[in-house]
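Heads up, the next two complexes both have subunit A, just with different partners, subunit B and then subunit C.
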Partner chain A sequence: MAVIRDKMPAFQLFQPASTGEALGVLDQYGADAWVLAGGLDSWDWFKDRVKKPAAVVDLGGIESLRSIRSFGGTVEIGAMATLREVVRNPDVSSQFSLLVEATELAASPQIRNQGTIGGNIGQDTRCWYYRDGWSCYRAGGNICYADTPTAMNREHAILGASRCVAVNPSDTAPALVALDAEMVVENSGGQRVIPAQDFFIGPAIDIMRMTVLQPGDILTSIRIPSTWAGQRFYFEKSRDRAVWDFPLANVASAARITNGVIEDIRIVANGVAPYPVRFTAAEDAVRGEAVSDETAERAGEIAIRGVRPLAHNGYKVALLRNLVKRSVRGAEA
Partner chain B sequence: MEIFQWDTNPWGQETLIRISWDLLYLFFWAGIAFIVFHVLYAAVWLPRLAREAANGGGGEAAAGIPEKIERHTLAARLFHWVMAAAMLALLVTGFFPIIGIQFAWVTIHWIAGVVLTISIIYHVIHASFYLDFWSIWLLPADLAEAAQRVKRQLGGSGGGVQRHAKYPLDHKLYHTAVMLAGLAVIGTGLVMMFRIENPLVTSNAYLLAEETWGLMYALHGLGAVLFVMLTLTHIYFAVRPDKFWLTKSMIFGSVDREQYLAHHDPSRWVVSEKPAASQEPAKN
Partner chain C sequence: MGDVEHIQTAEQQGVSRRSFIKGVIATGASVSASNYVLRGGHGVALAQAPGSVERLVTLTVNGQQRRVDVMPQETLATTLRYKLGLTGTKIGCDRAECGACTVLVDGVAHYSCSTLTHQVRGREVMTIEGLEGADGSLHPVQQAVVDLQGFQCAFCMSGFVMNMVELTNENPDATRAEAAQHLSGNLCRCVDYNRILNVAEKACELTRNGMRS
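Entry: the complex of A and B
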């Protein structure tokens, strides 16, 4: 059981000044190392004494991971750029307002000052059974306490679950998938670039991770290509508390619209599945169609095909349908 | 090395979760060790035994023995290959994610498990009513034969060691091991269907008590890691040149008269004079 204490378990703290130095420490400690970004997710884990790493590698001192730069139309955001820095960056805000909206809604101003874009997309699920230290599937056990007949699962998944029904709580993740971003990941073996859509994984693939990041990996930056720059964007987040909360569901869409006709579109939702879900069938159905209530309605209906609500989250079906519908119709409607 | 994984449940009790994956590596390397041992044994020891056997046995008249002798009916072969495909799919989907090759394995795994279960049910019915049911089972007489063979292996007299009936002793032993491991994985696997999303049963994590679930997972794991060793050794024997005639019989159905006479005792595996294609069901 998680018991919140004032003191965290002891660990070795490393504050490297370069990515290479950080990778060296991660290599040395392997699965016993923890990568610390803004700390908003990490400190909870440590103070709850659920995660007890032997070494914590604080990336806060690596300046190169904080920069936001543009080249050839692509915007590259360092993984350690704070949410505030992302929101205030002129290149991001002028071309990818979708990400700005999602980032602003992710957290309160205080948290946006401390939290990083890398931390926001790499954060762990908020399922309370898991975070309280119960030995569930995600923690290495063989049961999902949230998917039992008496479970409290109002915030859990209606799509994409496989044994574990926890959801991905990130607001920036669906925006990045909608923008067709790429994640740059480094480890001691080199660098790899992973499409955002493939960066997030569900429990069917690995029940103990939410992203492809393995021990020894560092997410160094996020590249947003110019493909969707300046197009019509839509982001909406539904949550219990308007001031700040994790999403019950959110939706992000990027659409290329000419003379009222949807030439191309990407629709992604989060908070409804263990990973940001892209609704390709709904996208296919509305591509080439005029922006209208009927088109939007159709997309919404297609998006909820195959949902499996749990005992207490049936409301998410209607919520998801309406969010997708609105994301197709657009903010102007 | 640990044998089981334990965890603390919400009530603070230590509960069994599953086997330790150390056992996967243990059984894998045990299989490899057996293969290495057998390669050496076959190179050094078997030729000497073969020379002794050549002095004392064989020479039966080929008269009355057809040129091709059916060893496995088409139905039996189909079962074997369906079961083999299902088993390989189960091993790959079950263990590759554990060794670090990640993919969406659960759906393929349970579907392969259902295919395996159906094929085994078919096999039990087929073997019970259409084949010589007892020919593959270890019987009391096999124990005496086993003792004689061990004695011969250890340098004792080979006198009295009969050639094989339809299925050699090692095949019977293997079948018994596969049956036991198969019962473990299929029985527990069917119950574990209640822990996953599938269209056949409604998932219910409270179907069994927590300790019982742990036992299910542990038995499933034990059977599965045993299958790793059994599959490795089975494939090894299937590709050995001196055993390849048996592998061919599992593909084409029959063995040659020479192989039959060299390896089997015609009085213990009686075949008719009819050509293979029109034989009575071969009672295998």
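Entry: the complex of A and C
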């Protein structure tokens, strides 16, 4: 039967004015509720009739979720701040230009005008088998269509897969992991603060979710501590077209460098695994070393240890190695 | 013969046979619909849940207050084109992938195919129909399009024009490369980008020279 793919099917739309009110609606509808931020990741699901929520809760009317505040060196970004607002915020751009670089490379200008930072990090994977409504592992079935002998898996994972080989497509997520950010999550039971690295989960932990967010949870803000403020940053995104496209792979690094020696570093890549991967072994190998081609080379080689490419994504191994290498060497080199 | 007499009686009372039958059908339909509504529902309920949005809303479009009945799942592009008659806004891909539907919301370019109408309540929506001045004078972007014949088939034009209006408002000093970056969320399948960028530069120039923006 032909599936209608233009107009969205009916749903109840709630536009609460406060987080408390929103949590009330989420509790009432449970798994049938959908949290709406900018909406760019939501409409396709609805139009394709793959996700059919009974209630959509639009957070756009909650003013407190939009603000970007600074206190004691920490910058707290409301989850509903648009990507445009993040890029233009003076506190973010002066201290954490890594996040600005990553955000500017996401999607297209109009999408950045409307899409939110919370939506960008909470977005679902782009695996087309899953998004097309196939009953794969991630959709509750018992097969991964992207990992069969005839599968088209050029964009899929080379690391961290477990049955499902889909990747996390966010550009801002690896930057936030590299900056040791924390995610503030609220539900009707209270608030919890989760390190960015633990916020994103792979299929080995829960095959049906990309983040720790459960029905009833709202990501309210993202806190970036002063730890890496003003340090040396590197962000690079590789994609087919210069606009719109999700990353084939991206890399974010933050490094504290004194007299040419790497005192500490964070190296994180996305688009290569179901979650933003932090390469701690590569970080350990270059800590205390001078910034040089040899050091960078070693980091790249260590980063690709244990890769498991599929039929069509072998190129990602070399891509990841080179991105990690460049992220250690830095933009000036 | 009794039925005929009954109908004749009804006609004498001013009720035609046709409207009588229609009345019966409508009654049956409303009975079954109310049953459907009262049953409550999963995504397709017609009844409004407590706290959910009101369908009758007032929108500010091109400086005018427009009262309109909007479904919860309705996109701004649909409302503009099919309820407000503002067909200058085009629907291309309907998936935030082409830019033909670009309009300004509080001065910021948005894909109207990917914005719910309910998300713009209380905000200022500007479409291409709102660019012309009250005296009929053209906006600098419109003037630049006319001067340079900037588009071929022009299906993408209104989206490009609205995004250029944002450009001229925010950065009339934009270089060609900056204009290209700003307009990168719009596609032209005639691949007329060179002339479109000529238009953008001309529009910026007209704006810098003090033409209304």
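Operating definition for what follows: the second predicted complex is superposed on the first by the 329 of 333 C-alpha atoms of A that agree within 3 Å, B and C clash if a C-alpha of one lies under 4 Å from a C-alpha of the other, contacts with A are read in each partner's own complex, and residues count from 1 in each chain.
Criterion: contacts are C-beta pairs under 8 Å (C-beta built on N, C-alpha and C of every residue); 3 or more make two chains touch, one makes a residue touch a chain.
This structure is a prediction, so every number in the text was calculated from the model and none was measured.
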**Partner chain in contact with A:Q15 - subunit B first, subunit C second, else both or neither** = second
**Request:** Look at A:D44 in the shared chain and tell me whether it touches subunit B only, subunit C only, both, or neither; answer first, second, both or neither.
**Result:** second
**Request:** Check whether A:R163 is in contact with subunit B, with subunit C, with both or with neither, and answer first, second, both or neither.
**Result:** first
**Request:** Look at A:Q191 in the shared chain and tell me whether it touches subunit B only, subunit C only, both, or neither; answer first, second, both or neither.
**Result:** neither
**Message:** Touch test for A:V243: subunit B only (first), subunit C only (second), both, or neither?
**Reply:** second
**Request:** Using the touch definition from the top, say if A:D206 reaches subunit B (first), subunit C (second), both or neither.
**Result:** first
**Prompt:** Is the number of subunit A residues in contact higher for subunit B or for subunit C?
**Reply:** C
**Asked** In the superposed arrangement, does A:Y145 touch subunit B (first), subunit C (second), both or neither?
**Response** first
**Message:** After the superposition on A, what does A:K7 contact: first (subunit B), second (subunit C), both or neither?
**Reply:** second
**Asked** Regarding the shared-chain residue A:P53, is it in contact with subunit B (first), subunit C (second), both, or neither?
**Response** second
**Asked** Which subunit A residues are contacted by subunit C in one complex and by subunit B in the other?
**Response** none
**Message:** List the residues on subunit A that touch subunit C in their complex, please.
**Reply:** 6-16, 21, 25, 32, 39-40, 43-44, 46-47, 52-56, 58, 60, 84, 107-111, 113-114, 242-244
**Asked** Once bound in the complex, which stretches of subunit A touch subunit B?
**Response** 1, 134-135, 140-145, 147-149, 161-163, 201-202, 204-206, 308
**Complete:** Listed in rising order, the residues of subunit C that touch subunit A in the complex are 41-46, 48-49, 51-53, 71-73, 75, 78, 94-97, 99, 102, 108-111, 114-116, 118-119, 163, 181-185
**Of all residues in subunit B, those that touch subunit A in their complex** = 5, 7-10, 12, 15, 17-18, 97, 102-107, 195-197, 203-206, 210, 213-214, 217
